[in-house]
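Each of the two complexes below includes subunit A, the first together with subunit B, the second together with subunit C.
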Partner chain A sequence: MSLIEVQTSEIVKKQIGYKWKSYTGVFTSLVVIQLLGLLFSLNGSGSMGSGRTGYDVNITYYTADIVVGFTIFWGFLTAFLLTTKAYREDDFAFVTNRKTSTLSTIAFLFVLCVIGAVTALLSSFTLKLFAYFILPGEEMLLTQGVGNGSAWLLGMVATILIIFLFSSLGYLAGMIVQLNKMLVIILPVVVIGLMILLYRGGFPVQVYFFEFFFEESNAWLFTLKTLSATTIFYALAVLVSNRLEVKQ
Partner chain B sequence: MIIVAFLPVLILLAVFIALSLLIKKSSRFGFARGKTGLWMLIGYSVLLVGSTIVFLVLPIGSTELRGQENDRDAEQKSQQFYEAVHEGKVDDMEEWRIHEWSFPFNDEQIVLQVLENDVNGVNIFVEHTDELTETVEAFYYQTPLTVNGYEVEEKYMPAVVLGATTLSIYPGETLNLKYKMFGTEFPFRLFGEENGYAWGRTTVSHWNGSALYIRVPEGLDVVADQNAYTEVNPS
Partner chain C sequence: MKAIKCKDLNKRYYRMNALNDLSFSIEENKIVGVIGRNGAGKTTMLKIIAGLLKEKSGIVEVYGRKPFNNLFVSANTIYIDDAMNFPTALTLKEILEEGKRFYHHWDHDLALSLFDYFGFDSRQHHNELSKGKESTFNMIVGLASRSPLTIFDEPTTGMDAAVRKDFYRALLKDYLAHPRTILLSTHHLEEMEDLLEEVLVIHEGSLRLHMSMDDLKEYGLGLTGKRDVVDSFLIEKEILWKKEQAFDTCYVVVKNDFTDHEYRRMQEAGIQISPVKANDLCIYLTEPQHGKGSVDDVFDRSTDV
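On to the complex of A and B.
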């Protein structure tokens, strides 16, 4: 037995540093997916046409909504893949247990979500700049501002929370799949099948899910909802991971 | 055609596979190794920050507040315009006059022929006045059309042609206006007054009001289809 007492926070911090240096593939994928999102956004996130006496007005909207959407998907997939055996075994290079390993992964995922959210929202300026200088054919430019600094900060926090929420879902799904490899096929089939069945039974659970989170106009309630759901999903993932054998 | 229909699914599948390869630790794909990812992120961040600075320096400001003020103004003007045109207050409508026509005419009866298509109908008002003799005048008025608070400069105009005894009004050429709108991302719209998913008031914020005002000499008989025009009697 060692006389040196090791603090959990120290180990978690070291593991985050290690993950930051060695999991650089997640950054590559983030850049690739956001560039892809930007490419898709060049066609406009939406358009609206309307006409009345003598006028036919067509407005093409440019927002980084697609980039944000892709980043949410990236958060889900990254968390999912971080649960794979190859990644989990890396933690055993340090003095670790399952608790510190999971904590450091969640913290690392949060850092990734912050980076993902910041870059996704900043990419809107790149998109708009590109549309401003390069995209031809339109006659005039119109902008709709975010508003003041606090509104911008609120939007930024909301983006981080949304990506983090989906990463928790990905982490939970990944942990479930680690129980048995067959679940990689069974899980989506069951989830999608249940959604279809419930939808046909008059209970569109996916609609309720989106309404619950994304139609919440109160910032505090939104934060409470997303953080609670994220905590529940991560807690469930930890419970599932406890069923895995050591070094499985 | 089938490929085109499945293209979004195929693209998403390709993205999914590419991402999995990039993130998966056991992947032999070069980008996932070493410091390449970190450098890519640094380079990308520099690009993003650079674009943000350039965009903020560009003279493209938020037009929302100005837009709302303009909308209120335009709404008020439109109301004043319709009141004035129904009461025949030509002087009050002067600021909205786009074009005028004047035709010599000395018959006792004039046929008003309105050739409309489905979209380009025009409100026609006829005033009998003793200020005119052997002349028919037509004025086209239009209040501003605003898109997100911006006043559209291009003006639509119908064509007015006088034949032997017929005054024909043809729809003008439709003006196709294309705009780029730089909106905000959906997380920013979550906590607004209107909920995020609708595009809300980002389209035409105020449609224009328009009228073709025809002045004919007192006693001239105007023949036209029922409801083709509104008779105006300025008091």
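On to the complex of A and C.
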């Protein structure tokens, strides 16, 4: 048999296709979590009311905020799950090395994040339909949430980037936990404990984190911030994974 | 070019020395059997060659490259064991399709014919298979991949005798049509004698013996006779195994380097000379060195008390 030279890019492409077919479970969990998000959203994500003699105004906002929040959480969990031994060993059933395995997983996660973001944002229309047809109300004011298409597109990109950012966090956390099972307990204790300690010391990390990413009004700067943070987290995960043996 | 080259290979595995200064090399396009007791380090060695584990020290090369985490070695090697991890979402047919996408030499017709022959259902999933069926399916993947280096780690686990026989025949036929390097670890040497070209005997993490199957069959000689008579012929001979029997007789397995003259003298002295089966020889060669005796002694001791 003649020996075959393969390109990294060729194997990465094949691995992405392979993961797309084999990791169908992640899509099921996406559907479930978004339906759950929809259910919670039926209560409305914000409301205000005022009344005078003779009339009564009550405004309830139906937005996909909760669904998006749930999808972010799903992104984190899915990435975490893909670092577990069972999933990593699936890669090694066929041709791969660690580089192609990690690259294809990250690319696959990006595709997942795009799908998650698009469905999450589209679910706002489902929600409005539900609210219109099913929920009781005197008058429905079907206004568009955002003014124009470009703003909607911007929101879409931002959602994708945020879910992708959280997936990188999940991936890093998962890889760290893979080093030693004890870290399942130690890691969250250390992270949350540090957060509490720093908060008491007058340095609320989580607040800074949210300010840094979510209160950025410049779209380009936001993209730059999230993408670089994502890159850093994935790079750290790759460093950690280099300490793992492939298959035991 | 050598297919596999190992030099002074060491590996620690869960606080145990799995491999101790293991050195050997294997030519291309040979079927090599890897023989050894449980825990001798066969699986560790095969996994290092397949690039799944990292060696602690020493040199290991597969087609001239270090195998660990190497895409070239991965593309040209397939490692089949009884713990293959295939995605549970895929059906058996889909797993074969994936194999076709990944391995350049993959023979899909062969895969499908074997799949039908062994009576698999295309809608079945890998985790639903019985032990023997699972091994059979893994074997199909291993054969169809036609990888230049094909490694089977105890491929016959759970297979019944008929399937094992089919497997040996399929392996031999496919090997003859498409020669490639095949490494097989097995505990059924007596069944594979006609299949293997070379044998690697691994004992406690190091190489005990590496020779062709034909040489191995003639490597040992069994001598039965009166103890003192037999002993007189054993001077400067390598004794591989010795068992005391009743009436002052003993059975000794020695390395077969007797001259014709010595043969004749032994026959005249009334010693029975018998060939030693390769399988038995491997058992003698891998006898633990620390003098625990046989399992009989465990029970004898308890009756003494």
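We take it that the second predicted complex is superposed on the first by the 228 of 248 C-alpha atoms of A that agree within 3 Å, B and C clash if a C-alpha of one lies under 4 Å from a C-alpha of the other, contacts with A are read in each partner's own complex, and residues count from 1 in each chain.
In this text, a residue touches a chain if its C-beta (ideal position, glycine included) is under 8 Å from a C-beta of that chain, and two chains touch if they have at least 3 such contacts.
These figures come from a predicted structure and were not determined experimentally.
Looking at the shared chain after the overlay, A:202 reaches neither subunit B nor subunit C. Contacts of A:98 after superposition on the shared chain: subunit C is touched, whereas subunit B is not. In the superposed model, A:17 makes contact with subunit C only, not with subunit B. In the superposed model, A:126 makes contact with subunit B only, not with subunit C. In the superposition on chain A, A:149 makes contact with neither subunit B nor subunit C.
After superposition on the shared chain, subunit A has more residues touched by B, the comparison being subunit B against subunit C. Once the two complexes are overlaid on the shared chain, A:86 sits against subunit B and subunit C alike. When both complexes are aligned on chain A by C-alpha atoms, subunit A residues 23-25, 86, 90 touch subunit B in the first and subunit C in the second. Residues 1-6, 8, 11, 14, 17-18, 21-25, 86, 89-90, 92-100, 245-248 of subunit A are the ones that touch subunit C when the two sit in their complex.
Of all residues in subunit C, only 47, 51-54, 63, 68-72, 74-76, 84-87, 89-90, 94, 98-99, 101-105, 146-148, 178-180 touch subunit A in the complex they form. On subunit A, the positions that touch subunit B within their shared complex are 23-36, 45-46, 48, 50-65, 68, 70, 73-74, 77-78, 81-82, 84, 86-87, 90, 115, 119-126, 128-129, 131-132, 135, 137-147, 151-152, 154-156, 158-159, 162, 214-219, 222. The touching residues of subunit B, when paired with subunit A in their complex, are 15-16, 18-20, 22-27, 29, 31-38, 40-41, 44-45, 47-49, 51-52, 54-56, 58, 60-64, 119-122, 145, 147-148, 150, 152, 156-158, 171-172, 174-188, 190-192, 195-197, 199, 202-204, 207-208, 210.
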